[in-house]
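One structure is given below, represented as structure tokens, and several questions about it will come after.
For reference, chains read A, B, C and D in written order, and residue numbers begin at 1 within each chain.
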């Protein structure tokens, strides 16, 4: 089964000085799955995403994507291969328009080699970007600079940019952080539609247990850089080790 | 109000004003057009001190000449610009002086870089151009319209070696500024000491223009214990060299060059300047009236003591005026011919014997020594083998 | 070239003195950088003005202590004016904007000084500090150099005490650790910034005075010599680290001296300093004492 | 009436510097990479062209693109060194690069020492020497080519990648942009334009010396760029023209030229940090309104 996984990690370790942010992590994700990764603050969730997306080189261990090793590749290559991500703290291109933000992500085939000399201002590209903006519900803002958008919209923009890469796997890093309940529900709806309509595999790091439980098909629980539990949400909810870990850090499960 | 009346009134007013202007214009005594002389010097930036000194020297010369009735019966007028010691500025100024101000001739009160840049333009345009004190040999080379009243590096370097000979120094240290001025002086002083005097140069090292701390070099020199130290420098570096040498307990005499020839050197170095001997062309003890008038008038005009730079700019104007007078016309080629034929012109910085083929002044030098905070006559340097600029 | 032990010691002393001169500016720069993350090149202008104010006060009063006080007051005020009017309003702008403003302010100050006092260097001789030298072993040290070292050492001690023992010093340290958090605290952080500028500017002013006396001259462009070199020092030391600035300055001063003594004059001092800096940055992009983010 | 050489000279200077400033604008304005050493690249181009034509007798028409190429490569090197450096360390490294290059120009005899190389030949076309108006025409054509390159970059994926990197490097990487490659390219293209400007500079002033390419010149280039507005196509050109023309107008007040120059820069940056024509500046808003008024 693991052999057929879209993406898997093998004994993945990342140390910062003496701190073991990831310590022997083995996970996998299957096609069209929504995989939740939860854990208390500082458990290593974002570090895991940073290693998978190429921002950090692992201290030990490997990452395989469709059975190809990708843990030494630069982020741009990994993105081009079909793994795209969003950030916990949104990183919009503030002075570019919303449409341009998405167009940047449409250029993955042009940035390699020297085809970057071509004009980006083309009908098909603009149509594609506009379509994606419609998909995430931002089309009315497409000509305003990104910096004027409220935080909820910026998260949608991040997802729109990630989608423009036509990803196989989408890594969402706390897509509902800092949002009201209503906004969070809308984002959740968006995420499930994405899987259904695009057939994209989703890995989701969430702090908000409720969101994660509701969306995920299967979950991993990380604590102190180690996987302490795996299974469908209902099981995780009842797992005493998980409850212990969350109680220890003052969080409630579910 | 009646429109026609208004129009008539306006016409009348215009006629009256126009008539008044025409009347004034026609009855005005014909003004004597002054002879325009161009001038550029660094009036801002790091070289501004020398630039202003040169400007004041040139202005004083114009004043003196005009007080005596001008040249060819017409007053001189100095048109000056700031080149900020930037060659590109100098090029722009050269064009401006030639094409907009239409000067008869021009004078550089600037350093070698801007002077060199501008000299090409003046030569191309056929306008006589005199460099007051810039030393670079290329300024005048193969440029028939360009002249220089100041010293050039080769004679000055030899003269420094000659002064070492006067002190019976056989083991000499040379510490020089790494610009063509310093390098030329150092090379020629070295050659003179080794070839003519049969002495030995035991230390030969360079430093960058603008250096303020010479303790490293001087520590090494002290360990070698030379008979004399030859240090081609500008006054600012020179002041540091003599005071830091004294602080390190160095007793060997220091021999300097015209770059030291500034009241600023004495002020900055203070007591440490005592006994320093320099090669220059301005003899403050000279009994000649021209020199003494210049020194006192310069001080009255600016409030500070004159230096070699101011004196050279003064001389450049003086020589130019003499040449125009001799030419009897403002034609550039006549002026150049007159310049070429000048002989034994009394200048503040010694007698100009003649201009060489390449437009360099052949004139005597003088060694001065610092005693009680003032430059005083030490020795004359008139040996033709030393003072004749090489061609 | 090999030297005798006497020459070695003399060179070492020269190098240390050179380093201390860089240190004077670098300390103020690093204090400002630690808080505002601005490369405060205008600091060299404050230093120059300090030297001139001290010089003029001394010429009028013939009292070196009055000169120190006058220079300190004027520099402190100037420092705070620059901070309040130019740096604070631009904190949210890209960092090159305050940097270029800072360079422009330095050029402006130097030019204004040149217009007021003239472009000429002016001799600065102080009666209380005779230019005598003492021979210790075979090493020569000037009276002015002893004074210079003593005052600077005193200053560094005082700085250490202020930063580690006073309330505002501790607040300043805390603020430089986490500036964004400190900004959230509001009014107080402005006081801390003022405080850093006042201390740093006084240090610059007195530094100008000391270097003026040390080389017996003041001139409008005296900041050039130290401005960019001090930047190199704080980069080598790791931006914002006071200990780094002190050590970086000494390393640079001594390294320069011995390089000139052994290999001769290969490159201008600035270029040499920058080469050291770039090589260091290739291996440690955060400087010697900088923290890894 | 014949236009005096003085005005032609002024125009030529403006166009030559505008090319270098446009390059700086690509590195700094578009890609957001601070470069405080642009003058060094002009120097590299100028010396390359001077040495090629004077010492190897190569034609100006070959030396000109080669100067651009050599500067381009030097820019790649600086870009590669700077890749790991964060903001202020990057700024300092580019300052250092400028100081080091100036020292090299000064200390290696091939560059002619402190007086540099004299007598750089004027370019010839079919035996006709280009001076004055004809040189102006040459500079203008090359300026236009660079302007077109600039406009094209702004509309291409390259320019978009630059802007993305300027706004947020991390986000740019996750969207498939190889940040290292584009940063190096941003330095290289900026440097290449400076190199072309350097070649034109050398063959116009007929001399090259280290002192023309100091850090102070880099600051001047930067103020031209910022004055007009970083990251805009026409801002840097206007900025260059203003910085060159204003001191000429104030020539009688030369004593205070530097004071005025720095004061203008300080006041402008303090109140209009985006430059005269930058996004959201007073003038840009007015012009937009004005154009908008016409469209209505």
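Simple rule for what comes next: a residue touches a chain if its C-beta (ideal position, glycine included) is under 8 Å from a C-beta of that chain, and two chains touch if they have at least 3 such contacts.
The structure displayed is predicted, hence computed values, not measured ones.
For the pairs B-D and A-D, the larger set of C-beta contacts lies at A-D.
Summarising the inter-chain layout, the chain whose CA centre lies farthest from the centre of subunit D is A.
Relative to the centroid of every protein C-alpha atom shown, the closest chain centre, again from C-alpha atoms, is found for D. As a whole-number value, the distance joining the C-alpha centres of subunit B and subunit D reads 36 Å. Per-chain Cα centroids separate subunit A from subunit D by 41 Å.
Rounded to whole angstrom, the centroid-to-centroid distance between subunit A and subunit C, based on C-alpha atoms, equals 48 Å. The distance from the centre of subunit A to the centre of subunit B, each centre being the mean of the chain's C-alpha atoms, comes to 74 Å. Counting partner chains per residue, subunit C has residues 111, 268 touching two or more of them. Residues of subunit D in contact with two or more other chains: 255, 258. Taken residue by residue, subunit B touches two or more other chains at 44-45, 178, whereas all remaining positions touch fewer.
All chain pairs that count as touching, in label order, are A-D, B-C, B-D, C-D. Subunit D makes touch with subunit A in their complex at residues 152, 155-158, 160-161, 163-164, 167-168, 170-180, 182, 279.
The part of subunit B that touches subunit D in the complex is made up of residues 43-45, 81-82, 87-88, 91-92, 95-96, 99-100, 112-113, 116-117, 120, 136, 138, 178-180.
Those residues of subunit C that touch subunit D in the complex are listed here as 33, 37, 39, 85-86, 89-90, 93-97, 99-101, 103-105, 107-108, 111-112, 115, 228, 231-232, 235, 239, 266-268, 270-271, 274-275, 277-278, 281-282, 285-287, 293.
Listing the residues of subunit A that touch subunit D in their complex gives 53-55, 74-77, 79-80, 84-85, 87, 91-96, 100, 103-105, 107-108, 110-112, 115-121, 161-162, 164-165.
Against subunit B, the residues of subunit C that register as touching in their complex are 3-4, 6-7, 10-11, 14, 17-18, 111, 114, 118-123, 125, 131, 133, 135, 140, 142, 215-217, 219, 221, 224-225, 257, 260-261, 264-265, 268-269.
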